Each structure stands twice: as structure tokens, then as C-alpha cells.
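Next come two complexes built around chain A: one with chain B, the other with chain C.
Take a look at the complex of A and B:
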């Protein structure tokens, strides 16, 4: 019944890739041009919110470990909170710019949890390598997102944030030895799993 | 209490530690809750990746381990088992995953008897005081969510609702659904921790799938979590798009998925249960949630945010609550008759005594509500807050009652089929 876990990660990798590409498109054309079609401003926040809703079945059906369940539940809520706050701001329902903090806080907590959870070194195993890589990428992305709260028009920061999200999607695509990206990382990263 | 705080902190902080790479159990022999006719010669586990240093215990109801040393061979682990007498058995296993994490799990099987659910595995403890507290918070959150949604759609229907009141009602519903989700996850993890009996660090690599997929409680948890996640999305969209109509599917889903409690509780699994007891339990929980949640909405939202509407809303809620109380009493009386074989169980049995306390508290709340209905006064805020407090106390007693074991039903002489664990695990009735 349940699809293999790598399928689920690739599905979410696709969603995150679209998220990053939408952000990048907004950076390339500029916010004014992007907002000329009003529905566009809801695109990435709506997608993030939707990905959060879709994360709940992952949390409930893949219960092979408690940490897996809790992690995906928390990620579902982080995505819904990020998307929800950005949608509220775009719609004008939320006025305070401090709501923008939902994104850096959600991403930062996610990254910190990756790093705290992984007790082994980078090259102990493939999973350890990915946990470290994803963790530090998310920490970096949260700093960029935090900078955007205070300097929302910084083109460099907007680009960096969009690229970090795209990089995250690549990591999701490469989460197993069967992955379409990278394959097995290195003999140093443990034996192939399958 | 420390465990609970640690769990809640973890739920709040641990974001996507996507522990995708530790080994996952893909198949096993004997199967989860399988009833065998002959003694198994071995226990085998098959993982999705290589594991090392495995340990497998096959434990009978007296705590004796019948398994020999486990041996890992690639993705398979096998342990030979001594010849077993008929009975129920618990299998506990641990293995070192290739990512360095120790993964663990538990399941049960029966030899010529029905296998107990994993929640009644050997070593699993029954509900604790912490679980009672968590369950109470869960009931409060459930009542807040359903009460706020029901109040907005049914009691305030057709009224010109001021924006401040609208905002408070939505906030109340959102706090309720968030509480149901978070506390529901914490309650499930506490239950699993009782079953797995692992140290805190190892527990987070424990396999929960026999509990989530193999028990009524686990299946109800999955369905209810998904349903309430959808409710949270509907409540959010109702706020974002300013469409009160979107609260209707939220209320319908809330009430429907509350049925998960009825389908996994005493009234679904204990002797004497039937579809009628499940239906009565669902009506009971739904009506109580609408009633007590409505009181919360009155105190927290209507009185502070809409002074001009107080008299009209109070009159409407009184009529609504009368119907709800009638449903609560009718369903509750039926369930008491089903659960208690004899009238004197009410004061002789522990379950009956808790039920008696609940009945007294409900009587106080009903009488208090009657005073508001028949003797309306201009300044009733404190009095309604008092009624609400009694309602919340009713929920606390209901939480204790849910975790208590009803007295045994008289066994018909023709009945022979029973679990070998019946009576062997004490009060761990929460749940099959």
C-alpha cells in the first residue's frame, strides 16, 4: 500500500523545487512585474501551505520510528505556518512585518533539529552526510530569510534564498542510493543500502 | 511529568530530522498479532538495509525468554526459538542500523490463542497519571474546537457578528484544533513509550508501526490526525478568505473524526460493545464537546467581544444546550447500563465510583445551566464562568474514566474464545 519512502521524498523534492523556481522567477522579473498578475503573489506561499497539508499523511503512515513521525509532523506544521503567514501578509490580513519571521524561524528550527539529531560525523554514513548537509543548508537559508525580514528588497538575499530552496530539493532527490542524483555518494559514506 | 515536558519540547522543536536512513522492518515471522497453530522454530526479521548486532527476545506472559541468540545475515535477522507451549507471546527486538542508530520494536503473536494487541505486550504498563492529564487536555482542546465551530455556525447563525467576535471565534477554533493535533501526537507517543519500554534516547528509533497499523487505537490516531489537519486548513482558509461557510466542512469533519475515539474505546472493544454503544459514545462525546465548548466560547469570546449580543446569544445558547444536555444524558445512561452489569457497581467498583463523581458534576453543571435559563440576570458572566469550570472538571473525570477498566461482564457459559492475556496485564485497557 505505502509507496517506498524515496518516492515520497522525490514527490516532496518536486514540490520544493517548484517552490524554489517560483521564488527565483520572482527575483528575475522583479516584484513589481511579478505582482502585475495578482494571483502570482499567492503562488509560493500557497504551495508551501499545500505541501504542509500533504506532509500529514507522511507523518501518520510512515511510523517506522518515533523520530520519523515527530519530525514529519513538525515539518508539516512549519510549512503550514510559513505558507499561512506569507499568505496572510499577501492577502493583507496580517499587517505586521514581524509575521515574516515565521519563515526564518521555521527553517532555522528545522536545520537545528537536523544537526542535533545526527550524532555521527559527516562521513559515517550516507544519511549522516545528508543530515549534516541539509542541516547546514537550512541554517544558512534561515539566516538569509532573517536578513530578508529587515532588508526585503535585497536582490542578493532573495536570490540566495531561492537557490537555497532549490539546493534543498536536490538533496531530497538524492536521499537514497537509488536516487536520480549522485547515486551512492562514496565508499566512505558506508555500504550501499540496497 | 518530566517525560511529558521533554516530549512536548521535542514535538515543538524537532523539525524535519528526516531520519530516512535508519533500517526499517519490512516483514517478519511470525506476523504481527498472528495466531499460529504450531510452535515456530525461529523468529525472522527482514529489514530494508543491512543491520548488525541484533537482539531478539520471545517472552511469555511470565516474562521468560524463549529465544536463542539472534544472528544477522545482511538484511535478515533470525533467532531460533525453543518449543513453545500454547499462549500469548511478545517479541522485542533491537538492531544496529548502518547509520549508527539502534532501531527497536515490539509485536505480539499467539500460539493456539488469540494474540493480544501490542498495547498489551509483556512489560507494557497501563495508563499513567501523566496520560490522564494529557487526555484531559486533549478533551478540553476537542471541546474548544468543536464548541467554537458549532457556536459560530449554529448559535450565531443569522446574527450580525461584529469583526472582533468573528476573530475570537476563529482564534478559539484554531487554538482548539492545534491543541488536538499536538496533544494527540504527545498522547500517542506516551502510549507507544509505555509499550516499547525503551530509554528516552532509544525510544525515538523505536518502530511504532505495529501500534499505529495493528491496533484500533493506532488506526484511530492516524485517521483523526489526518482529519483534524484538514480541519486546521479549513479554519485557516475561513479566516484568510473571510468565508464563514468554510467552517461548515470543518465542523462536519471535526464531528466525524471524533468518532475515532468511539471506535477505539471501551464502547468498541470491551465485551458487550456493539454498533449501538459506539454510536451512543459518539453522540455523547459530540454533545458534551458542543455544550462545554459552547460555554468556553461564551466566556472567552461573546462576553468580552460582543456586549450588545449577550442577552440574545445567551437565550439562543440556552435552547441549544437543552437539546445537547438531553443527548448527553440519554447516551450516557445507555452507556452506563452497557458498561455496568449491576447497579451496585456504581459504588463498589472503581470505574463505577469515577462514573458516579462524573454524574454528580454533570448534575451540578446542568442545575447551574438551568438557573441561567429560568432565572436570567443582567450580570451573569462570573456565573457562566463557574459553570464552564464545572464543565472542564467533567472532562477531567471523563479522562480518568476513559483510562479506567470497567467491571467484567458476566461470561455466557458457551463463550470459550478469549485472549490469553485477559486479566494478566492489569488495567492497560487503553486500547485494543
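Take a look at the complex of A and C:
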């Protein structure tokens, strides 16, 4: 009764799309208006934390090798640490701005995990291509998030970060278990399905 | 009288209105993206050919998930956000 793993990517794509929309809306209206309703400041950190929690069952039920399991476990921890730190900052329980470093570190760890655990080349199959693309996008997003630690009011960086998250959701929605990418599919990957 | 403040108020109101317009476009744009995707790749919508499909293929259809995210965002986030922005705009009027 388990869904195919591509559907898990689409599930997470929906969550990440929501995350990106929340971030973009916050950038557009500004921090002051965003914080007018108290529940709103917990939205995206809470969603990030929730996605981290949901990554654990993915690690348990959808990984078929040790390296996959370690990578998914690393994402679960990174997302939970990032979401938890942002929740603590939003609540005011965490005071030091250095807690903001949890976001670039978490995203950087996730990007590295994507790149390390994908053992095939870019054009092996679509999933391999997307793993490389997502990995490098996350590494880029972690640099943007790191810049935001030191320049938190930079509108350009905030926008770039939100758009990177939305781009990430598009990549997750594009994932298929076995499909060609730009006409390339290694014969070692198997026969593509619908 | 401080004429500097008088000049800034219309500018701030114009900015707020632009923000309202952009925020109110996010959800419809997301839903539109889902609908366009459904037209471009109709085979990603299992509802169009449901016979012989299992539960997950019928329940999880990516273009519908995108539309769903847009609707949830529009109803639960964008609507109160626009109300707050408009409230702020009234405050500066």
C-alpha cells in the first residue's frame, strides 16, 4: 500500500511550494505586516520543521541502500534543526542572531547530501539529473541564506531565497522514478514507464 | 506644517496597493500554473483515465497538488494578509 517514491517527491514538492509561497508573500508585504498576526510568523518555520519530521518515515520506508538512508536522515535532521531554530527565533526564546546560521547550514547539508548520494551522472535518468540540479540549487540557496544572516534586510537576497525554494518545488514535481531527461536515458536504468 | 510627510503619504499608499495587487496574484498564478500543467501533460492527471489505477495514482496527481497549494495559500494566507495590508492603507489615509 506504499505509494511509489516519485509520489513522495510530489508530496514534498507541494510542501516546498507552500513554503516558497509563504516566503515570497513575507518578502512582498514586509516583516512588519507579516508579523501583524502572531500565527503567521510561525508558518514557514513550522512547515519546515514539519517537513523534517515527515522525512523520517521517508527514510524508514523509501530508502533502498545505506547511503540513501543516511542522506534522508541528514535531511530530516537538517530541516528539523532549521525549522526549530527559526521557530525559537520567531517565539523570542532564542535571542542570538547566530541561530539564523541553522538555515544556511541545514540547506547546505541537504544540498551536499543530494550530491553525495547520487552516484550516477547527470544524464543517467531524470531522477539522477534532478538530484544533481536540486543539490546545486540547495548549495546556491545556502549561500543566499548565509548572506541573509549578515544582511537580513536585503530585499534581493530575500527574493532570491524565496524563488529558489519555489524552483526547488518545480524540480520535485518533475521527478519520476524512471524517465528520460532531455531524451537521455541510460539503458542501465531500465525501461521507462508512463 | 511638515510638507515632507504630506508628500510621502501618497507614495506609501501607492506602494501598499502594489503589494496588495502582487500578493493577491500569487494564489491565482499558482492555480493557473497547475491548470496549464494539466493541459500540457494531461497524462499526469490519472482522473482522466481512471480505469485499472490503484489508490495512490488516483489520489496523488501533481497538477492538482499545485492547484491545491494555490487554493490553500489564497484562502488561509493571502486573504488575511491582504486584509492587513488594506487595514494599514486605511490607517495611512
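By our rule, the second predicted complex is superposed on the first by the 168 of 194 C-alpha atoms of A that agree within 3 Å, B and C clash if a C-alpha of one lies under 4 Å from a C-alpha of the other, contacts with A are read in each partner's own complex, and residues count from 1 in each chain.
The rule we apply is simple: a residue touches a chain if its C-beta (ideal position, glycine included) is under 8 Å from a C-beta of that chain, and two chains touch if they have at least 3 such contacts.
What you are looking at is a predicted structure, and each value in this text was computed from that prediction instead of being measured.
Aligning the two structures on chain A places chain B and chain C next to each other without any clash.
Contacts of A:114 after superposition: chain B is touched, whereas chain C is not reached. By the touch criterion stated above, A:23 is placed in contact with neither chain B nor chain C. Once the two complexes are laid over each other on the shared chain, residue contacts for A:3 go to chain C alone; chain B is not touched. Of the two partner chains, chain C is the only one that A:11 touches; chain B does not reach it. In the superposed model, A:37 makes contact with chain C only, not with chain B.
In the superposed pair of complexes, A:93 makes contact with chain B only, with no contact to chain C. In the superposed model, A:130 makes contact with chain B only, not with chain C. Ranked by how many residues of chain A each touches, chain B and chain C are led by B.
By the touch criterion defined above, A:76 lies against chain B but remains apart from chain C after alignment on the C-alpha atoms of chain A.
Of all C-alpha pairs linking chain B and chain C after the chain A fit, the shortest spans 16 Å. Overlaid on A, the two complexes show chain B and chain C touching the same residues of chain A, namely 194. Of all the residues in chain C, the ones that touch chain A in their complex are 19, 22-23, 26-27, 30, 43, 55-56, 60, 62, 65-66, 68-70, 72-73, 77-78, 80-81, 84-85, 88.
Chain A makes touch with chain C in their complex at residues 1, 3-4, 7, 10-11, 13-14, 17-18, 21-22, 24-25, 28-30, 33-34, 36-37, 40, 43, 173, 194. Partner chain B is touched in their complex by these residues of chain A: 5, 9, 49, 53, 56-57, 59-61, 63-78, 80, 84, 87-88, 91, 93, 106, 109-114, 116-120, 124-128, 130-131, 134, 175-176, 190-191, 193-194. Of all residues in chain B, those touching chain A in their complex are 10-22, 24-25, 48-50, 98-100, 103, 181, 185, 189, 192, 203-209, 211-213, 221-222, 225-226, 229-230, 232-233, 236, 239-240.
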